[in-house]
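Here the chain labels run A, B, C and D in written order, and each chain numbers its own residues starting at 1.
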Amino acid sequence: MPTLGADMSDGTLVAWKKKPGDPVTRGEIIAEVETDKAAIDVEVFTTGVIEKMLVQPGEKVPVGTVLAIIREAGQPASAPAPQAGPGRLKISPSARQLALELGVELASLQGTGPGGAISREDVVRVAKAGGMRHETRGGTGEQPLAPVAEAAADRLLRMRQAIAAAMTRSKREIPHYYLSTTIGMGRAMAWLGEENLKRPVTERLLYGVLLIKAVALALREVPELNAVWKDGQAAQSRAIHVGVAISLRQGGLVAPALHDTDRQSLSELMQNFRDLVKRARAGSLRSSELSDPTITVTSLGEQGVETVFGVIYPPQVALVGFGKVVERPWVAEGRVLPSPVVTATLSADHRVTDGHRGGLFLAAVDRLLQEPSRL
Amino acid sequence: MSVPLTAEEVARAALRILGEIAPEADVASLKPDVSFRDQMDIDSMDFLNFVIALHEALRIDIPEADYSKLSSLTGCVNYVLAMSGGEKTT
Amino acid sequence: MNVPADRNHALELLRQMLRIRRFEEKTAELYSLGKIRGFLHLYIGEEAVAVGALQALGPEDAVVATYREHGHALVRGTPAGSLMAELYGKANGCARGRGGSMHFFDASRRFYGGLAIVGGGLPVAVGLALADKLQGRPRVTACFFGDGAVAEGEFHESLNLAALWKLPVLFLCENNLYAMGTALARHQSQTDIARKAQAYNLPGEAVDGMDVLAVEAATAGAVETVRGGGGPYLLEYRTYRFRAHSMYDAERYRTKDEVEQWKQRDPIAAFEGLLREWKCLTSDDLAAIEADIAAEIDKAVAFAEAGAWEPVEDLTKDVYTERT
Amino acid sequence: MTMTKTTYREAVRAGLREALQRDPLVFLMGEDVGRYGGTYACSHGLLEEFGPERIRDAPLSESAFVGAGIGAALGGMKPIVEVMTVNFSLLALDQIVNNAATIRHMSGGQFSIPLVLRMATGGGRQVAAQHSHSFEGWYAHIPGITVLTPATVTDAKGMLLAALREPDPVLIFEHAYLYPMEGELEEAGLVDISKAALRRQGRDVSLLTFGGSLWKSLEAAERLAAEGIEAEVIDLRVLRPLDTATILASVRKTHRAVIVDEAWRTGSFAAEISAQIMEGAFYDLDGPVARVCSAEAPLPYPKHLEDAALPNVEGIARAVRGLLGA
């Protein structure tokens, strides 16, 4: 069970996407895990052949539990692993497969077969009634099945508990300091307007990606903020994976990573950001997206907030909050003019950096946003 | 487009798209003249997706400057019909 | 006993017995070296039977033997190298190495095994003879078996069936007095095996199995009867094995004295003595024969050593006939 | 293709006759195949037609005459050996297992044994424990032999003729219950003895069976159809080498399997089929594989007990309903 965040202590295996004997390549999705925060796709970091599943769908296991054994290419088959524990779902192999294909949550299924076993028919019934994870967003007006709603409520509760645990830990362990600066967005917004005129609807940019890209590039200059706190010290990350806070419709939030943020063009970043938001809300994030962020960016401008004093998401050591882009009197070249501005706030871990470095970072973000075409 | 769109078709398309973006919302009971944002939880990303979906479903081009005209259901209908040369609601 | 009319034939009988003896002595050595594995039942002491009996058969006749069949295959003409390779389990063996010591096969010499379930070869021999009879071929099938097989139902069933249908089968019992470790008197109510033929209405005859000339003469007579359409014939060769049942056993079932007494009647030494007595054999002759055999065995071992293992991919080949 | 209405017994006899007429190397050997005309009258009249050399009454020496069949096959003949019933074949097990099945492989391919061994099998005729065995599954365990279980009149004849074309030993199990059964004989010549036969199409469950149990399974399928359950019926008919592909294809379609095998459940051929399904179609299964087999007891003489011990139509239907939760 991969760690998908410091607040995660365990996860429930929802379904296997592979079966023993299947070859897998690094980066492939092999399973889906339900954490307190979201349903997440688990990817593998080795290339080989799945030898054995050790955890069965429906089982909740602590982080660090081995889910499956993957035999690397060329390795001999190992001795049989211990049997799976109790609490197995009574579902036919074929029904399980079908549920996977139709995207039906196993937890939503109720068996009507002999002995209460879940059969293909049961899966089809739920699928028809709208119990599919991905396809049911169509909102045909049909009421979701009761078990699905219950499961969602349960998930929300668990997510709340997880956020509580992480934030409490953050406030208890991390000595936060906060720095705030107001950044003129006149040039950035003008450039964006022109840029979007040239772009078809599907490729237009949101100003948010300019902020994200600026943060990523500023981290190159102040890499101490791009780190995780581990075993009593900060470990700087070579790669810059900006986690973006995404609120979920049913409540709660996730902050998955946009991998290698600093190396993506604005167009790529926009496409990936859109995709990430979509998947976060559909519950199909990848495990690495949840485990990899090296810093978090959050924006509450949509809600009209001007300044955000965020709580760092452990084990990260910094968080950048953005408020609303608002028109303010702005002094430029000795003259007062109305100009769009945004307030950027850095929350940083004082164990790792001091205000001086933090100030340099915010200054870099400001400077980068004044040259939007170079972002 | 050979056959002009009707107001009903546009409204249906807009509501369908909104429903997909915000499945938890009861789109059927949206007030047509009030801004979507005041009635449901959608952000700029959702709105962008709404515009993109509208563009793809109805094959109309929507410049960014016109986004504000799409903020309500009535606004959408009027804008789209104007763009596609269809009928107009009052 | 008279001086044999044909000296060369007499020397050939001696040579064949010596071939078996030296070949098997070599296999015992190779067994202790681990070159040969599994069961290895040696024929040493019984050589006169295979050598004498097989003189009477022609190439068109068939032979069915037991797990103690090295000598029979050698005399029948299967090259020593092919047999040694089979003992090694090599693909150049007479059964591609799949049978080993107990399962020599050689289609070109109508040698049908090497069938190692005691008594199991008799019905097969009856069938081979039936095929000949149905196809009108004047052939004989010689079926070797031990005294132990006489206690099996298949012995009785086969004698009855062959006699009933007047089939050209030679039932050749190599009575070495022990069914593995059980003495004849402890497994047969009637120890005179040849007499059992009477019950099934076929001729039965006991022969001194330690005397190659007696074996040859008796078998030739029986073959003549059988080939002439007289139906099956039972011959009981009274013989003795000098070594353990398989490679090693504690020999608690017989005394050393008994073994020593029988060794005094070693068929090879006895025949050699006779030949010398009759001035048919000089020490030089013997040395030449031994040298020949030694060379043949060296060559056989080299052939086996040089052989390849059957590829594992061929493991299931020939379970069924390959379809084309 | 012409169709003739005939009995299973007559179909076997027609096959024997055709084989004897066609090839002078073919001969029939067994207990009471000649003057008596065959225990089940399958060889009635053949002695008169082909003479005692080719229709050979054998003494009650199963091991000797089965072994003689092996020897005759080695000697170039094409023997058809009839062992009166599978029960007596136990007396010839050594010949079948140690000689017929091994010699080709063990001799490195030097010798072939084109032997056809026929025997009656199965229970259901109130002949008690020693005469009611179903051991075709046992024999199917052994590599080197082919095991056929013709269940229709067409197969009774066509499989015999096909078996005689085989270069290796073939065992044919004729369910004694079937001899008087009437059916349409398709004069299509040989039957493909590498393939199972689809006897009834269905979508809900696969009934996998062979021999005498085929007809019970078909009747159960009829009964189930009246209840809205469509059972597919596969006649395995070749137990070795098994046509696994047909079995798996059916299970992949219906997602459920019930195996009907008259042998005892423990260690049965049904168990083998079940294992094949687990290995090849596990993820297609929508329920556990079910087996309908004989009760774990020697088959008793009284009818009510024998009926209770053997697979029956209602038991098969019940197993299907249980699997469907119907």
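Operating definition for what follows: a residue touches a chain if its C-beta (ideal position, glycine included) is under 8 Å from a C-beta of that chain, and two chains touch if they have at least 3 such contacts.
Quick caveat, the model's predicted, so the values are computed rather than measured.
Once CA atoms are averaged chain by chain and compared with the all-protein CA average, the nearest chain turns out to be D. Work out the mean CA point of subunit B and of subunit D, and you get 71 Å between them. Subunit B and subunit C have centres, each the mean of its CA atoms, that are 100 Å apart.
For the pair subunit A and subunit D, the distance between mean C-alpha positions equals 62 Å. In terms of their C-alpha centroids, the spacing between subunit A and subunit C amounts to 82 Å. Of all residues in subunit B, none touches two or more other chains. Pairs of chains meeting the touch criterion: A-B, A-D, C-D. Considering their complex, residues 136-139, 141, 193, 196-197, 200-202, 204, 206, 208, 247, 249-250, 273-274, 277-278, 302 of subunit A touch subunit B. Residue ranges of subunit A in contact with subunit D, taken from their complex: 19, 92-97, 112-114, 117, 119-121. Residues of subunit D touching subunit A in their complex: 255, 282-287, 322-325.
Residues 62, 93-99, 103, 105-107, 112-115, 117, 119-120, 122-132, 134-135, 141, 153-154, 157-158, 160-161, 164-165, 316-321 of subunit C touch subunit D in their complex. The touching residues of subunit D, when paired with subunit C in their complex, are 27, 53, 56, 58-59, 61, 63-77, 79, 94-95, 98-99, 103-112, 143-144, 146, 167-168, 241.
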